[in-house]
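Chain nomenclature is as follows: A, B, C and D, assigned in order of appearance, with residue numbering initiated at 1 for each chain independently.
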């Protein structure tokens, strides 16, 4: 019997590593260029300002790993802030409000998941409809923005946790916990591995006797839950509920996940990559605000160019490595 | 939390120039662009260093920008809030870092007024009222009004509607028969107006929350074979150049000004705030209204 | 098979139109005035023309398993180029030509990123989606450029009995239908979309095909941008074509084309685009309050999608026969 | 001739474990199964036979809940059951390897084997234990690949073995194998049969589909034959003759078994070689080799699994780029940059993996057949509809593809018929050199003979053919020359006239010495 051992490559980690390298490089470039950039607090702010994006990216990673997509996340964030603000205004206690928000997000996710799995509606439309619905519900609750005056919410929002020189917020802690838990689920539980299997080849996964259907619905529930949680973090961040919050955020999240090395076709990617992806996009924003001289249109152009530079650099690194390992096949 | 210790502006203190960090909403309309331009030009004229950032209509980007201004220790932070709510946390950070904040264009909804020094800007409800008053004064007999709202949920849209409705409530014969959002855009205004013209016969008045939607409505009215300004009266808000031209040409009947040129006033306020002088809590921009004749007279001097 | 699948969305469209009729008795009325045809139905088609045009290009892109998010920005750029050129004293024809050439270049750029550099389409085109609007604003300096040019006005607001915008879109529809049927483009696009590796081994020039479709969709977006700006005689870099990419993709998907690539339906796309525009017009005519507009749209979209869904449609068609699980598994296996 | 009365209708003291009664499954336009009765006893190996498209895979899918039944019922150990999906069938103790390899290429080998039943510790998957267990299962199959490597990096045959390893990893009551041996070499097959016998002796009921008659007689206890969706016979294998079996399958008495015996008389091939490879190689795939192929000649590639046959073929076809050596065509250097350039020069390559690299499953039979021809012409010049129809019709007939419907979606064809469509695609391009990697995978006896005949005819007409097959008999039978590969080295070249299966086997098995035999 012949022994067959294809070259063992950590090639699946390459995109994540590449993204991380690019992130470090950019951050270094920012530090050289801008005074006050290379401070611990800037890094901490990167997490503080993007905690909700990190949570969203985690949920989106689950969905994209199965080969689906969730366009509703931005709208669910807005809806969550709206429900939170409205419920608190109506005098609900903070814990009940939070539960209600998380439940709403999960139920919306469940609805979309069932539509996708049971009725075989394409994820793109099912979640687009979900997006319309969630945003529409915001305006049904209130057209105006509602501010959150609840002391518990305010306390969570303004409290900071000192860590040596820098300080972070509770949102950051929540986001990091979510990441850790998601990584655990994806890599060490049957559910997580089935997520990858479904993304690799759905019909094979079904024929292998895996619970493909349950997993497919499950990832949308997770994404809905993460969106609601991100919505809560967002309401800590904003202390307000508003139907126009987080417009277009779904694209940011998808971009972050994909920049982090996850393939939209499913089956390949890591939550950690998505986190780095979020940090990369956050760094772009930070650079833009440090630059401070860009007009509105140059802002857009520079964001586009930086995004391109990131991806190009990432691809370059990945390709280099692949070539060195004799893996390229074109 | 952030930036304890450093009081006063490291970025500026040394050579005496003032640094302002200005967090703009975006560049979503011609009005906004004029606003940005005015601030940039005024800063240059006043010898103030301006750090400008564009939030692409996103509050979180604006918060991020303000946070980075705190980090960069600017002398004054000014911004046009995207939304009224949700500023407490970041403004608190600025306050802790001893950086004064000036609001432009729109107030924030906070119980703690110590978070900002002053608010410079227009009053959208008042604009709606002015539009309503003109109609009430000039309407002879019952009027069917259609309203082209701004983006659903946007503050100017809500307030301009509110002010207008408040005033016309005094006249039971003036009735809003249809109201729909045209998203503040010309094509939105045109499409909505087309549909109104088909579904609602005998429209007397169009009230558009900004000039652009009004201009779109004019196109739709013309295409339907009617004469804008005569068969159907048009009231808009903003007074951008294209609107003023249409007003002068008799296609619009009345425009309520919403002045974007806040630059000079802002720079003056900033200087005062840095110098530690008292500033009023509320500074209203000078705004007026235009009839067709006034427009003809004012048009040659309009900057935007 | 795809035709039967379109039956239910088509009925949904009819239902929407009838709903309008209830609120506006003259909804179906057509009026010939000065040799121009007027009426709500004409309005729907005219306002839907840009979406339809972009959706046609998008159909081919999606068939290759791609997606183009930059079409809205490209449309804005086209309008901006044309209007600034005219405002600077240029002729309308050169202005339009200039705009379209630039759009073709932008399409080449997207195609380059996707087919040569190998970036995932959604990200590759996201770059231009972001930067493109910046470019459009740079051209117009953030202002709305208003022009007054009768020739230019024709593209979006002119009439040749029917509005010219409708005629252009239908001509492109016919052109694409012909091109995909009379040439091998349709088949090769599908084969690249379904199985890129098999296509490569069969000697298909996948790169050229992908490049072609991205240039084509950019050109469609360009023409759509000209229509949009011509319709209001102004270029609005910020709002022209905003979110039109979502509408276009939605139209394609409602039309039964799968985002996973492969088989596509141009008729379906036409139907999808008309449904979307009818929905917008319906909201205006029946007076849905703005705050529930989105909920209304969501409900209609969900209903249309459910009607078209592989699981539901057969059940409705022949209620007695139970839907077969195997077909779906096979369909999935096929991807 | 066949005896439809069932010798094994009832086995004394033994209840059937699986009992299918009156199964009918219909697809749009096709009755894939019609009133099929089938039973499977514990402790037996039961071969399911039939032509391509007879309904074997459909029967398996109907049993395991992939396809819903139109009529009929399933009894498992006497209890009526109805599975809503493969998961339920698995839970009931039915372990299945479906015909096309159905695994997840993005996951590791170990995960593919143990997914859904991973060893866990404190609720978390224990990756280390999982790899260890997978390694043990793999070594039981005679495979020593790294269980942590991604499945997609392995050739199709290894994937097939992994799929089998997955199926035998559980304590199943019923084991179903749909053409498990179609891409395995003799050694692998022997290993598999050893395992099957062990399981059978443990009382597992085994259902086995194959097109290799020898294997049927080697391993099975009983045979059920399907034809056009109907059962035409159930037999005890020892009492069955090959002739009876084949005529039951084909429904006619046929001299098909008088296989292609034409290699005796070979013209002296064209003295100038059509294609020459000099020191061609690619690191990590195949060591540099020399090779000459003449027009009118069939050259076979023999070797074990993973010996580098496919990799060699891919270099010649431009599917991969060589990093050393060069290729001469008609004596002129040829730069093979892509399959496209190779095709333009008349080199066509039919991949062994028809699902991933061959067919465009959503398209019709017609489109699939003319795809390569169309690609060569470019998109602007469509193959005229009439030409296409004529070509397609002629190949549907020539290769006896069923259903003979050019508008059928190719993904709905049975495995063997898909393979024929793929072959037709390459024949339509009229190549000068045709590289066939496992062209007879999953093809029934009759069709296999047909394809072999086609290859022989093509060579006679002056085409050069490079023929790869795991079935040594086949290679030896139809090839003029046989190139033997081992561990990615070319180790020998034999003249077909002198070579027998044993000679080749010996070379393959022989130790480290490099043998260079030229005829």
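Here, a residue touches a chain if its C-beta (ideal position, glycine included) is under 8 Å from a C-beta of that chain, and two chains touch if they have at least 3 such contacts.
Keep in mind that what you see is a predicted model, and the values were worked out from it rather than measured.
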**Message:** Going by average Cα coordinates, which chain is farthest removed from chain B?
**Reply:** D
**Asked** What is the distance, in whole Å, between the centres of chain A and chain D, each centre taken as the mean of its C-alpha atoms?
**Response** 43
**Asked** Any idea how many Å lie between the Cα centroids of chain B and chain C?
**Response** 33
**Geometric centre distance via CA averages, chain D-chain B, whole Å** = 71
**Prompt:** Residues of chain C touching 2+ other chains?
**Reply:** 137, 142, 290-291, 293, 329-330, 333, 335
**Message:** Can you pull out the residues of chain A that are in contact with at least two other chains?
**Reply:** 139, 143, 203, 206-207, 295-297, 299-300
**Asked** Where does chain D touch two or more other chains at once, residue-wise?
**Response** 66, 85
**Item:** Touching chain combinations (by label order)
**Value:** A-B, A-C, A-D, B-C, C-D
**Complete:** In the complex, the residues of chain D that touch chain C are 25, 27, 61, 66-68, 84-85, 100, 317, 319, 338-340, 342-344, 349, 351, 356-363, 367, 371-372, 374-383, 409, 411-412, 425
**Asked** Contact residues on chain C for chain B in the complex?
**Response** 23-24, 26-27, 33, 38, 40, 43, 47, 137, 141-144, 146, 157, 228, 231-234, 236, 238-240, 280-281, 283-287, 289-291, 293
**Prompt:** Any idea which chain B residues touch chain C in the complex?
**Reply:** 27-30, 32-33, 36, 149, 152, 178-181, 183-188, 190-192, 194-196, 198-199, 212, 215-216, 219, 223-225, 240, 242
**Prompt:** Considering the complex alone, what residue numbers of chain A touch chain B?
**Reply:** 35-36, 39, 41-42, 45, 49, 138-139, 143-149, 154, 157-158, 160, 167, 169, 234, 237-248, 285-286, 288-290, 292-297, 299-300
**Request:** Mind listing the chain A positions that touch chain C in their complex?
**Result:** 115, 118-122, 124-126, 128-133, 135-137, 139-140, 143, 202-203, 206-207, 251, 254-255, 258-259, 263-264, 295-305, 307-308, 311-312, 315
